[in-house]
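So the structure is just underneath, and the comments pick up after that.
Each chain gets a letter, A, B, C and D, in the order it is written, and its residues are counted from 1.
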């Protein structure tokens, strides 16, 4: 069997960055409602959503937040990192058809606790930041 | 057609609380990997996960976080609330078979900005807190 | 841990009603085909469906029927009710983009058997009834 | 492109029958909750369900009912049939690990309206009937 590349804490440095991008579909809204059980009508009822300030259905904020989990889990730090903390600020709505880029970057290392602090930013195709925040991960390997 | 009960800011008070509970299944790990795209082997590869400190696959932290969206979106504040901020601290692993209770409670109202601040706590069947944090929501209606 | 509000038979009365609403998406047709295994081309094959009286794909009748389960299971009677019987008449097609309101109302109580009889009606955004029927539930608690 | 075999009303006769069988998994409970939005704890919360008469989570009745849609839609009558009516009696719980056989049989033809009446029966691996009912379908082709 193959072996995952599990990086040690010493291999990460401030400035390390990674990203991913995907287009939001109506299926994402439906499926995330089903998985989370959050059927707030702003996500699932177009008649309701049209009458709100958003003028239509928007994606769950927690769905967009899951893209951060995607980049952290698959790339940076990838296997061997343990999610300790995530702060999220939801700045703008995400709609069906938007293409969201999620970018994470190591901004600090806490040596004694083997923690990485990363900025986590999701932006849409118009470079509007829709979600910003900070993640903290524990790196088990030295 | 029916009308949703959209509560105004004035109807909420400090101490308002709501909760939901569900049992975590292997399907949840698989489904959340699919919807987030986070295929970190700690969630999807039992051979890898067995060799870690967790001794087996654990649920995505962002999946547990989605239960907060569930309670906020369905119950408190429900329709008419806008998610502004969420802070998350992941305290303990969530495993297949765990039954997670998610509880939110209004701890503060910011009158001039029509914001609610809520504590958000997920605990397992042994009353171990697995995720704690704080949410901020904007209530559009007065 | 929290306790669900399990209502006793005596707490229900004729005229009690509840509803939910959601917009039908293409993802719903795909997902319901997958979960039921019903791949009748009227639901999954646009080339076939366009040539029929429906002029395009329609949702599974059993998918619409599941909205009744949603309202019964989540709201009325909610936790503690046991599904005993459901009659369904499919009156009009449901299409992608339709917004379906599902309304249930207690129309009769059978005291000696602790049963509730409810009308169950699904209507679209044009107030056309697409599915009507009757449900019977056993309420275990007194 | 291929052509579906769309049978005309005259091709069906009383006694025509079809069936399908599948094993219920925990994923089915999770996925059907997500698709229907019915998160009644009897389906999703093992701690709650253990304390009920069922002694554990059971499948949604509407999920079992979807197996009827499966057999009607895929086999008998298959393409060209229109679902008009379905009556359902839920007789016994369906649990994870059960293997459910769904059998439909034409019991009557209504010539002037081109309708088929079928019995629809779901039984488990112990030959216990869990769901019985009757379906009515309109056959468009002669």
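Simple rule for what comes next: a residue touches a chain if its C-beta (ideal position, glycine included) is under 8 Å from a C-beta of that chain, and two chains touch if they have at least 3 such contacts.
Just so you know, these numbers come straight off a predicted model, no measurement behind them.
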item: Of all other chains, the one whose Cα centre sits farthest from subunit D; value: A
item: Interface composition of copies subunit B and subunit D: same or different, split at half; value: different
item: Whole-Å separation of chain centres (CA-atom averages), subunit A against subunit D; value: 40
item: Whole-Å gap between the CA centroids of subunit B and subunit D; value: 35
item: Centroid spacing, where centroids are CA-atom means, of subunit A and subunit B in whole angstrom; value: 15
item: CA centroid of subunit B to CA centroid of subunit C, Å; value: 27
item: Overlap residues in subunit B, where contacts from two or more other chains coincide; value: 1, 20-22, 28, 31, 125
item: Touching residues on subunit C, where the partner in the complex is subunit D; value: 1, 4, 20, 22, 28, 31-32, 35-43, 47-48, 52-53, 60-63, 65-70, 72-74, 78-79, 81-90, 140
item: Residue ranges of subunit D touching subunit B (in the complex, touch as defined); value: 25-27, 29-31, 34, 39, 41, 44-48, 57
item: Touching residues on subunit D, where the partner in the complex is subunit A; value: 31, 33-35, 37, 39
item: Touching residues (chain side subunit B, partner subunit D) in the complex; value: 20-23, 25-28, 30-31, 97, 99, 125
